[in-house]
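The block underneath contains the structure these notes are about, expressed in structure tokens.
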């Protein structure tokens, strides 16, 4: 089981409502008012702040809009208002800074959100009373090297996948773990997932479910050409390196996607290096274990 | 990557030839002679010692036969002469005592043996020169509790499986991890495997390959009744507990097997507790990584 | 879609209640009374007839008990009272004679029963009004040849599997289709299934779902040693022959099971020949298609 | 087993060399010369004819170049020079006209080509001696309906798949078989394959191997969101209809690909109707059965 670290009562809270518009504005309005009333500073993404007064979004005058990619360093807690996807996307901006994240679930049953919609004020109560606590969750640091030089870098809480583009030709992906050759995958693509991401795309592609608290990455090919290429679980410390190998004739286009949010086109020869990020995600865990959520989603407990 | 610990030159070596008879006696004869010549004490299992002078087995007069289940505590190294199975079975007797094990492979390509047949004298040279080193490999401690009391205990280097007997009725196996319910498996059976055992029965049943150096157990159902019951990877520290659940009518017989070697019949209600053994297996690793062996066995590297 | 053949109003009906005792006796009592009242002769298995007057089973004086393995040839319809398993087992005794079978489901949702418990009198109404119709469903004729001679024969509506016994050693099963070698399976066992049986053990072992109306057998290995051994769908007309191949040393025990009901021990060298039975099962189909049942059982239709 | 129909000695033969240029021109030069010498008319695709005199391609003066999409109706035989892909693509143009196709394999082991490179003159000998014979192989007729009208139509010898485009959002694919709802697939896409195509993309996506001579389509989802959505085998006569279902917000782009050769973009709401083509592919089968090829490719026969 993972160690729980208490979160001191926050003085500045970032609200991160679901990105696709007004659906989460009611909850954001309510949370902003409650926090402000209780003397806690409220921060929201600038694009949300710009919407104040429209679409049902009301923000106190004291609420501050901040550019999501250059956040101030004094945020004590992020409250994500939406589903697992919202929490994942919101956490991308604060995880490196060690800001703990808690989710209020506005939609379907998920794995990450600790609170349901009707508990919006309860999470604020709990935060202010110092009753929240976070667990570390393995994240991935990703680098793309092109022609020997660092071309791009990012992080992933869930997964990274490398996949063909519109023309579904097989990619040849030479994969190394801890400096040793693992396999040359000939496949539609390849998923490298953290334990957190194991119940997402990895599961659809045939990978195993991996419990939080394990320090492993799982490498799962997507529609591999060879039937012997099965999912492989490796120590996160060893790192995973994938090179888009030739031949150069008849190749497809390829791209890399991290957490379904960060996407870049790849060139033949690009090398993608994945390793454990230095700072884990500081997640306020759901009260239900991943197994209880799975049992509910999948009917595992039924007699 | 796993840390390597050097093995000091041994003064007493146990030879463990393959169990099914004369096939490994030539190698045992040669190794015993070479060790004795160089002043190293030789120990063999009593049932092997009893065969000396027959079937091509010659042992020096100084070689000692010992009961395999009450070994002296002064053995410095076990040399297993056979394949992966021989090494697994031999290691069962010495792993708890912290005796390092090295394999000389007399058969097909395997994952565990560090030396090939033609290297029989080389392993002795390396041992006496202090050039051998071991890596820790996760082992499993297993307890069977019946009617609230400890009924049996054992260990597994590879895997434990719980399965129906001759009448192939579904077993209902209530499974807990770290004190939380995981799932009620309705299946032919259930495999719990260490990383080392992941390429054995687990792979045939649809489980992932798990690299050495990860501290995880993998739980893989055998022919599960529900399609949502997929392999699950959990932290070894959390432990896995399986209870053979009812109903009591129409049940099959059931049994537990560890490493294909230790087998006991189960009763309805039995609880099987698996956790990381305190003492890991001290294995002299093969020079080829598990991935290189897989690549060779499965054709992963081919263009 | 399969052709539907109307069933003329029956003059003699066999009731086949679930085998495990009184659970289905209420329904049998009710059906026997209704049929007798309406002038239809009632037949039941002798072991059921012997229970009349006990356990809530009441039979009219005119009801006849018959030995299940030497049925008279004047039965016009079998009504199975139970679940899919009851219908399967009941049909074993009448399918070769071309007697149509209709199921009244007393338990969980199933694939085979056309009527629910509350429709017990409705099925009788429909039968007497000539409103029932049957579809042909592929059955399997099975022969076991030992030392060159026919040793046993039987049929299967669902599936045949060949599997190790209590000692779970790999079986080597040399398999031929239409006179051509298919594969040498090294596995816990092998399932050969009709379309009807494809949603049973075959599905748990990783096989595909096969729609009724296809004239195919599906061959699915159980925990195959080689990852390339995938399920294979073949024309039923070609037949499937499986030989339990050596080596002779270290073999397990093996057995064959048909429809979970007929079980015989196998010897090394036994050859099992499976082909389409001449007489298909004449089944009154469920109003819901197999897909609708699957959708309900598995949540396929959900948005 | 499939019936074999003899092919009378041809008077006009179409040569179809691999499309990607000079690789197959040597074989085409040799075949064209041999046929012309023996008084058989030679036809080649116009784009090949235009290359005569370059890249090592020499054609007799009498050889005729024809537009591939408006072939004359007097072709008696197509000889495909290349691998399985070449034969598939070549057959697209002649299969509807009932022209038999025979492959000369210039590359890796394949399933479709009856002759190897060194047998180029042998196939001509066999053809002229009337020793060739074809088997019928199930093909698929495909229609795309848009807004209630026929938008496009084509055929497939191997498979049709419907898949997301560059943005890998889940597609919702409402699927019907024989007029009944099968399932609403939420997946990266869906493959519908003939028996011939079952060893291609279908196998990589987890589908079964389907023997030639079965009149079935196999429906295999690509990375389905739900673990219960397994491959389904249905009677080809029943047809398969797939509708790209909403919701309309946040949808990906989608497209349809037939035999990897014919590709069209899809719009939400498009309905794809697949049924058995009236004219099967008339294929001169490989001497080795599909099982022997599989055994060789996959090592199925090894002890």
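All chains are identified by letter, namely A, B, C and D, in their written order; residue positions are counted from 1 within each chain.
Everything that follows uses one rule, which is that a residue touches a chain if its C-beta (ideal position, glycine included) is under 8 Å from a C-beta of that chain, and two chains touch if they have at least 3 such contacts.
According to UniProt, the chain labels map to these proteins: A, B, C, D = NAD kinase.
Owing to the predicted nature of the structure, the values given are computational and were not obtained by experimental measurement.
Following the contact convention of this document, A, B is the list of chains adjacent to both subunit C (NAD kinase) and subunit D (NAD kinase). Among the pairs B-D and A-D, the greater number of C-beta contacts is found at A-D. Although subunit A (NAD kinase) and subunit B (NAD kinase) carry the same sequence, what matters here is overlap: shared residue numbers make up over half of all numbers found at their interface.
Inter-chain spacing, taken between the CA centroids of subunit B (NAD kinase) and subunit D (NAD kinase), is 49 Å.
Between the CA-based centres of subunit A (NAD kinase) and subunit B (NAD kinase) the separation comes to 38 Å, rounded to the whole angstrom. If each chain is reduced to the centroid of its CA atoms, subunit A (NAD kinase) and subunit D (NAD kinase) end up 42 Å from each other. Residues of subunit A (NAD kinase) in contact with at least two other chains: 203, 227-228, 230, 298.
Taken in their complex, subunit D (NAD kinase) has these residues touching subunit C (NAD kinase): 1, 172, 177-184, 195, 198, 203, 207-211, 213-216, 218, 226, 228-235, 237-238, 289, 291-292, 294-295, 298-303. Residues of subunit A (NAD kinase) that touch subunit C (NAD kinase) in their complex: 227-228, 230. Residues of subunit B (NAD kinase) touching subunit C (NAD kinase) in their complex: 20, 163, 165-166, 168, 187-188, 201, 203-206, 222-225, 227, 250, 255, 257, 298.
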